[in-house]
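In structure tokens below, several structures.
Note that subunit A is present in both complexes that follow, paired respectively with subunit B and with subunit C.
Moving on to the complex of A and B:
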């Protein structure tokens, strides 16, 4: 199935901003992180459809996962 | 710090007073709000002789503490009609503290048309008639005073908007690089202008190291404190690299980025106006991504942003300003946004209030959506020059919305709502509604816990727990605002217990006290209650602790949510 991966801030370095990927059905967010060599401990927030999700969230066909390191401002 | 400088502009006389016992343990916001509450009649006209403008360094300002370079300015606000406290960086606060001055109180009102400059020295204040810098922008005032008085003077100044007594005007402070930081919100510039003071220069002659009761303990506590700032990913890395604008993409992703005057929670061109894009431009053009607004800043969220030819465009380029111009007003070009930011600094207006006002003006048809060029023209030709149109715009978001008969006017207590939509991020909605300041995200930054997973997690789309979250944050913020520490220390403070413990340690070592964390919380509560009592007496009752009605009527994409918190629940905010 197709998913979209969006990366932000430092996670873009040496990777990409946005990419469509073909992944097996049942792929979890954690699997995406592993495939990108991103340590889950460095992750600040994960969004699917504008809602925060956990690393064990299973992705559905056509979904986009947005991956942010711990960032802040104000 | 043992002196209060009181400057009476009616009789053009300044006196030096000793600090009353009751004010000895106060600084920053706690002190400005206590003085305003004690000495300003809540029902007075903010631009009349009975209002007072108070400057106060924080309890740790002027010491070696990291990130303690901020100071407070307070008055009754011409925009909200309630009490106001703003915090700013720059150099003046540290110099004032190191001259042993606990507060400067500007009061009264001169007769006649003349303007004045104030020169604050170790032992007193000189009040001099001023003509040269009148009508000039803040950058020119700083240049002029630097030439006149010397490089090292602290400078607090007013742009043309403040001279015109506009409710959107701010007060600027010269930073260590000769650029500007500001007391942004609530129209404090108009209060200074109503006293006919164009600038306050602070002579550093005679600055001394502040007495520290237990220097060894202070050093240890500061070291531990600094370590927490460096260790936390937000204060140690994130803010340094991308500044606060890193929030554009994350708030957009969360569906809480108010776009086109609060009609959507997501913006199509978010990546063009993001912190990531800003960082790339800065690096490619030889600017500085990492920069501090004041001496001793470890976090360095500020930056220097150059144009395509490598020439300075702006500094201190913040998320709220970029959001307001880029998403709320649909300006897609980050360079024009930077230019507008710099012009706003120069003419001395609040860089949140004015862009939000312009988005309302765009909805009213006064200028096309996204037209940054026209906005620049209106800033330079109308607001700076005080034309009739300029004065309407200078009245702020609420005034413009009302003038054009709009209902979608994003303000609380007449102050523009900043960069987070309260329908999609409900915790910040509680803060906007209840803070004594009028809509202000910094008063209780629920974004940390609703979105950023700092200080725990509270679901942004649910009303559950939001009042408690906002209350706890507002109490802690009022305490931090009293120390002179930059509010961004809140990120480590929410996650690393040693952070606040070491702040308490520094306070104890500085003053020879034995405060606990509970005492600091009690200080925060006392500040909020003092401010709330002032607002109630000024006519801002519980019914003013509300978001505008359109948030209850218009759902916002992508979550299709409305503001639906029961006013009774909101009212429990003050039950402490």
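Moving on to the complex of A and C:
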């Protein structure tokens, strides 16, 4: 199935801003993070369809996931 | 407000559609608390003071250091070693001595947050950790006070406005801070001191945060409620993502 991955801030470095991916049915957010070599502990914001989700959320066909790192300076 | 010098000072606001004299009076009557007088706090305070916010509260226990001056533009070389709230108060007075400034030279924490947040029209987050943002967001939610929240690191930043006690047009409650940012594990969040921060990044995000305050106070435009602005100043890109509270019964 097709999903869209959107990366933000430092997660873009050495990766991409947006990419369509073909993944197996049943793919979880955590599987996407692993495939990108992103440690879940470094993730600040995870949105699927504009809702905050946990890493065990199973993705559906056509969904877009937005992944932000922890950006907490001021 | 009636003095001729006031009309001249705010002339560009007074002729501006959707602000005008009534908007400027709202700005002068407003009480805005800025938590943190650092990278984000500097442009927030300078623009709020320039706009004429009548009462500004300052919360910060830190002192100005030389490494702050690369981005904390409200402070000067001769302020190094002074309390940031006192340095910022003086800068505000140089712009407009008619602004009342309330100083809290303390660090916001769970024990003092409710007392600090009480009685303000809008609270602005310029703190330096996500942990402090959770404390501030919880206190603002309890006080039912709008919170303009942003964060910066390296070349990047984000901005949103939180009013979680209100419901949206869909009848659902607005999202809370925890619906935007996951609570970081202890010791996981990188700091500006560790990984750096481009000086202009808090300049851009803090200026946009000041605009959100003025939107809330005056009533022009749509505040960034339920919307997350993500700014990338490495390549230069602005993304706005709509977000909402989790669906009822959604276990995720």
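Criterion: the second predicted complex is superposed on the first by the 71 of 74 C-alpha atoms of A that agree within 3 Å, B and C clash if a C-alpha of one lies under 4 Å from a C-alpha of the other, contacts with A are read in each partner's own complex, and residues count from 1 in each chain.
We take it that a contact is a pair of C-beta atoms (placed from the backbone, for glycine too) under 8 Å apart; a residue touches a chain by one contact, two chains touch by 3 or more.
If you're wondering where the values come from, they're calculated on a predicted model, not measured in any experiment.
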Partner chain in contact with A:2 - subunit B first, subunit C second, else both or neither: neither
Touched partner set for A:54, first subunit B, second subunit C, both or neither: second
Which of subunit B and subunit C A:12 touches, first, second, both or neither: both
Which superposed partner A:34 touches (first subunit B, second subunit C, both, neither): neither
Contacts of A:72 with subunit B and subunit C, given as first, second, both or neither: both
Those residues of subunit A which subunit B touches in one complex and subunit C touches in the other: 8-10, 12, 17, 42, 44-45, 47, 50-52, 66, 68-74
Of all residues in subunit B, those that touch subunit A in their complex: 233-235, 237-239, 241-247, 249-250, 253-255, 266, 271, 275-276, 301, 319, 424, 441-442, 445, 447-448, 451-454, 457, 461, 487-488, 491, 558-559
Residues on subunit A engaged by subunit B in the complex (per definition of touch): 6, 8-10, 12, 17, 42, 44-45, 47, 49-52, 66, 68-74
Touch list for subunit C against partner subunit A, complex: 36, 38-41, 125-131, 133, 150-158, 175, 178-182, 184-185, 188-192, 197, 202, 228, 230, 232, 234, 237, 239, 241-247, 250, 252
Contact footprint of subunit C on subunit A as seen in their complex: 8-10, 12, 17, 41-47, 50-54, 56-57, 66, 68-74
